[in-house]
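Please go over the structures that come below.
Each of the two complexes below includes chain A, the first together with chain B, the second together with chain C.
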Partner chain A sequence: MLTYSFKRLVQLFVTVLGVVTLVFFTMRLIPGDPISAMAGDNLSGAALDQMRGQMGLNDPLPVQYLTYLGRLAVLDFGTTVTTKLPIVGLILGALPVTVSIALGTIFLTVLISIPLGTLAAYMAHKGNRMLDNIITGVAMVLDLMPPFWTSLVCLLIFSLTLGWFPASGTVSLDDPAMLLRRIALPVLVLSMAQIATLARITRTSVLEVLNEDYVRTARSMGWSELHVLFRHALKNAALPIVTVIGLSFGNLLNGTVIVEFIFTLPGIGNLLVGGMNSRDYQMVQTLIVFYAMIFVAINFTTDLIYRVFDPRVQF
Partner chain B sequence: MALISIPLPAHRSIQFNFSSLNGTIRLLSNRRVQLALMILVPILLLTVFRPFLPIPGPLETNLRAMTKPPSFVHLFGTDRMGRDILSRTLAGVQISMFVGFAVALLSLTVGLVMGTLAGFFGGVIDRVMMTITDIFLAFPSLLLAIGLVSVMGTGMLPVVLAISLSDVPRFIRLQRSLVLSLRSRAYIDAARTVKASQMWLMTRHIVPNTLAPLLVAASIAAANAILVEAGLSFLGLGIMPPAPSLGNLIRDGQTYLEQAWWISTLPGAVILLIAISLHFLSDGIRQVLDPRSRK
Partner chain C sequence: MNELRPIRSALLDVRNLHTHFLTDKGTVKAVNGVSFQINQGERVAIVGESGSGKSAMAMSLLRLLAYPGKVVSGEINLEGRDLNRLSERQLNEVRGRLVGTIFQDPMSSLDPVMRISNQMIPPIMRHLGLSREKARAEAISWLDRVGIPDAARRIESYPFEMSGGMRQRVMIAMALSCRPRLVIADEPTTALDVTIQAQIVELLKELTAETGAAMIFITHDLGLVARFAHKVGVMYAGKLVEFGPVKDIFARPRHPYTQSLLDTIPPVDQLERRRLAQIPGFPPDMKLPVTGCAFKDRCAGAHRRCFEVAPELEPRGHGHAAACWLPEGLGAGRQMERALIPPMEPAADAGEDRVVVEINNLHKHFTTRSSLPWRKPPTVRAVNGISLRIRKGETLGIVGESGCGKSTVARLLLGLDPATSGDIFIDGMAQMVFQDPSSSFNPKMTLFNIIQEPLVVTGWGTKAERETRVRELLGQVGLDESYMHRYPSQLSGGQRQRIAIARALALKPSVVVADEPTSALDVSVRAQIINLLVDLKQKLRVSFVFISHDLLTVSYISDKIAVMYLGEVVEYGPADEVFNNPAHPYTQALISAVPIPDPEAEEARIQKPLSGELPSPLNLPVGCSFASRCPKATDYCRTHKMVLKPYSKTRETACHYAS
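For the complex of A and B:
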């Protein structure tokens, strides 16, 4: 186990280094450089040169690359190009909003999709195809609805027509009630897409377990159907479900960018879109690396959980 | 050589000849494929024949019909400049379809070549390629596309390239695993014993048998590309206005959501229909190809 974790950790490190390298060199491929992009035509050649010198852009590329790596190692992400604010501060300030959306979504998704998927599996097992087909069909449609469209439809129905949730308003951790009301719709929208995937996997893995001998044994011992379903079937089907929750995190991160933009929530997704629109490459570069790191770390954890809890997995 | 090309029963299960009439009939008699075609064909026909329909052009403004709700004259209503939403949606579908098709074709081709090489030769090539795909797969797809667009700029070509780049690693992985499982089949050993060259083995015995699963993956990739393109355009990072991409249309209507719900919601519903039908299509193809899933 320890050797395996170590091997995976080395692999993780190589991937992260690859991500950083890739992002660094791709950003240097931009025609012109960040300085001329932000300065426009207003500055003379000499002034531009001076600014380049200040930012180290006149050094040879390998030197620039090593300097960049050195800074990353001490978590110095630099400052934004336009406002000169430290990027780490901005990210840390925006992170709580994104994290609350993500956690809320995972909570709601698990709460709805696991009972739903189990029910569908049970119905399919009992030969009732109708309910199973309906649940599976609805799950597919939900899965394919583009989140930005669902957001607008929800905004139209719940905020503008029914007035249940505010469409705007300041969001901060000091006012949890407001925060909850503001993130309710985004969480709902993101959950819709996640519920589909999770319900489908729950259905498949529970259905598989229901055909196992030990479930039949449990039944023949006189356990009630509910007991068999939740204590014997769902428990043994839990592993793939946990894995899928971990793996669907990438999708969730994609989704947070979109909902934060639509519902004007000050999370890191909004920082990214803002950075793109103001051509702040420093910011975009840092955020893309940051997202990739979160994603890789979560995949790593999921993989370890899987191996810790499934004694059948060989090392 | 003719003798060796005769497929053994074990690998016939995934072989599927699309040029044969029998195969086409089997595909067309699948319920999901029928359902998919029932949605896709009308949308495609309307898109292709849009210039001949009695509706205004997608960029034509009409100051006497600004922000009109859906009616018989304007089935999907009009936007704030009096442009016909139906016409713009159909023009958007054309762009979406092009993006979906281009991405599917590009990532399928690149994935096919690189995945075959990695799976067939193994060794250093395989390890290097797997490390590189690992790096690309470390980015959530929309975010990778955003990063790439920030480098390559906006517009049709960068968008297609950006989305393809995030799909290619998945295709390489898929193709590699297919090749790995085929490589050790008995019929490949049989071909080796009569001195079939590496090239012959790859192009005549392995690649044809991987096409069917790749095609299933490609139709899902097309649906996904359409959604990602719409997402990028919606964020203002994809295809630039006034080109009426579906994402642009939804973005346009966002500001007027309260006064004119139809501008955003109707084009979005069309995206959903296309995505659903492409998924049905891939599901249907898979059912036809995989005898185990047939009931």
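For the complex of A and C:
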């Protein structure tokens, strides 16, 4: 366990360093910089240059890079270019929205796809492939629809035409009802992209387990089908399912950026979009560090959950 | 039919059971009208080749068949209730409670992510209505009875923390824990070593006798049957073709199939060696309808009537019944028809008698990677100083429990692994035949290319010469030349093994190493391969190293036997001497564990299975490596290492007290 934690820490360090470096240089490859984005055409070239000098943007790239790393090392994440607000504060403020969307999506996905996949596996085990075929068909259709497109369609139908969900309105933890109504559609959209995949994985792994000898042993001891499914089959099928859920977080973070933008939700994704638009190097870099840390944290959690489900997994 | 009428007290009365598998390719009629009875406390063995419907029949009794299997019709009366008419819910009160089940593969029959306690205790609570504490105590006492040391602690283990033998004990404890009236055991020892097999069989016998439970024991090993069954049923193509008391079945089998099966087993008394009986052909495809007797295409006694009408199971006296038109089957004279194996001709000149393989003080140590860099990595001493010689045309059998280093010796001989120390001298070349030939063949190559591959690799001969050689090899292993253009997938297991042997012989090696070449084969096919090896030995004067855990076969085919234990040879000598008069306590234990296909002889034997399991080769004991399991071990043994020493003129053994 000690070596394992150490390995994970090294992994965190290497990931963050790599990502930071990549982002640092690609940001500077994109045409435009924070000063020109902020000023537009209003200021003279000399004035802009002076501001750049103040921010150290005229230094050679390697110097800028090292300065940045130096600040990072003492956990100085800086402020935004325009409003001079501390970036960490902004992220913490936007976090609840994104976390609600992400957790909501995972919750809904798991709630629907695991029972559905299990049922499909059970029916297939008894020789009935109907639900199997339906899930495969639906999955194929859903896979063809990008979240961007589904978001727009949902927004159009459920918010703008039917008016079931508000398209705008302040979102904060103080008003949970409003928060729920605002994030309902994004959660739905993102879940749609995940449900089919997870249901299929669940179905495959449960079906495999149902053919295992120990399932027959459980039946031979007089356990009902339901008991066999829940006590033996699901628990043994959990490893691939947990892996897929862990991996789907990647897609999910991607998705939150899109839905937050389309549904105008003040989450991390929107901060990222804003940061990109204003070429706020500091903002984008800090957000990326943050995302990288989330990834490593999810990996770590997945591993821990592995251990809960399978005593054979050792670190 | 009078003798087959159910006796009132019959515990289980199965009548006309039919089970089908409704597959896409057609209906497989796996069980075709099976009827039999079992009385209280009776042990019935069901034998037959794989695919004969044994498992399908047994699983049908409790409706444990997975899709697409289905019990189509029949009555399954258990204590007067027809299980076939019970609802799933009612049946769940019978499963585990009245009938316990033990499966073949202990490695996969227990839930890997659940503690033993969580698998054993809840069924006891449910079926016997006990509280959790009481049920736990009950479970522990069962684990104790099946010989799990430190049961109170081990009950909290996971299956992966136990060996195969231990897991099968847990399985038995679980199946018996609710005090069932009937135990169904489907090949419960097939996946285990001979010594463990003997322990498990002994345990099942004791426990069922104690609790008065009846047992259905499914196996393809006739020797095991003789050891402990009261009655035997022989299945062929989904039907019982013979049923009767064990002694009758062995002393006077009436069905040609049973008779042939018995004759495929190498005899214990090998003074007069005859070729083993072979059953030609294959069992019928159970998807196709059968007219007449299902065995007719393979039966030496088949006549017109057999092709027209199927014989029914008819009484033959003393509770014995057989399904054959001939009252005595092939008759008692059948054994005389099998050819005697002539004794090995003495070598024509001295050069013919030379040593072709010599191994001196061979060691192979595997060093595993250490978990922490500063800790010394553990070393597995798989082969720990062995010396052997094989003469031209001689067959050396190597026996021992799995994990004792047999296969490592084979790999070293073939140069597949480098030795840690010691010398191997081979005059000529060594070639290999594996247990499962299919995995060593490229499925996309024709058999011609598979056989000629070693020739091509070594640049042997011209194209035409190679073709002639392949034809010659096919002839030697008893396959028609037309097989040249087929692919491995079109062959049966036995035919694939013939191809493997042909390929091994292609370069005229001086020694062929065969590692468990018959273990994956069915009894009748096994006999064919053994006969083939015996022929080749006679004809070609090739030396063989025959590695197997099947002692009866090894002693039948070998000239010399080396018994291995924990990487060492503990006894070495002529096959018949070692087998009939073992000197080392380990050899004695191994041989007493071999089931003998003769119920009378089995009864007379002292049954004391070797206790314990092979210790880990990680930390070898200082003294005699067998001391931890040896009934004769003394303190001197535990502190003093013993090396192989002459025991008689022809034999060597490594025991302080062998004399």
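To be clear about the criterion, the second predicted complex is superposed on the first by the 260 of 315 C-alpha atoms of A that agree within 3 Å, B and C clash if a C-alpha of one lies under 4 Å from a C-alpha of the other, contacts with A are read in each partner's own complex, and residues count from 1 in each chain.
Simple rule for what comes next: a residue touches a chain if its C-beta (ideal position, glycine included) is under 8 Å from a C-beta of that chain, and two chains touch if they have at least 3 such contacts.
The model shown is predicted, which means the values in this text are computed figures rather than measured ones.
*Asks:* Of the partners chain B and chain C, which touch A:125 in the superposed model: first, second, both, neither?
*Replies:* After superposition on chain A, A:125 lies in contact with chain C alone.
*Asks:* Taking the superposition on A as described, I'd like to know which of chain B and chain C A:212 touches: first, second, both or neither.
*Replies:* second
*Asks:* In the superposed arrangement, does A:236 touch chain B (first), chain C (second), both or neither?
*Replies:* A:236 sits against chain C, while chain B stays out of touch.
*Asks:* Determine, under the contact definition given at the top, whether A:295 touches first (chain B), second (chain C), both, or neither.
*Replies:* The first partner, chain B, only.
*Asks:* With both complexes superposed on chain A, which partner does A:271 reach: first (chain B), second (chain C), both or neither?
*Replies:* neither
*Asks:* Once the structures are superposed on A, label A:221 by its partner contacts, choosing first (chain B), second (chain C), both or neither.
*Replies:* In the superposed model, A:221 contacts chain C only, not chain B.
*Asks:* Regarding the shared-chain residue A:309, is it in contact with chain B (first), chain C (second), both, or neither?
*Replies:* After superposing on A, A:309 lies in contact with chain C but is clear of chain B.
*Asks:* Going by the contact rule stated at the top, is it chain B or chain C that touches a larger number of residues on chain A?
*Replies:* Counting residues of chain A touched by each partner, the higher count goes to B.
*Asks:* Okay, in this complex, where on chain A does chain C touch?
*Replies:* Against chain C, the touching part of chain A is residues 3, 125-127, 211-214, 216-225, 231-232, 235-236, 309-312.
*Asks:* Could you please specify the touching residues of chain B with respect to chain A in the complex?
*Replies:* 131-132, 134-135, 138-144, 146-151, 223, 227, 230-231, 234-237, 247, 250, 253-254, 257-258, 261, 264-265, 268-269, 271-272, 275-276, 279
*Asks:* Give the list of chain A residues in touch with chain B in this complex.
*Replies:* Per the stated touch rule, the residues are 11, 14-16, 18-19, 22-23, 26-27, 29-30, 140-141, 144-149, 152-153, 155-156, 160, 250-251, 253-254, 257-258, 261-262, 272-273, 276-277, 281, 284-285, 288, 291-292, 295-296.
*Asks:* Can you list the residues on chain C that touch chain A in the complex?
*Replies:* 62, 64, 66-68, 88-89, 92-97, 100-101, 103, 105, 108-114, 119, 123, 126-127, 158, 160, 171, 174-175, 371-372
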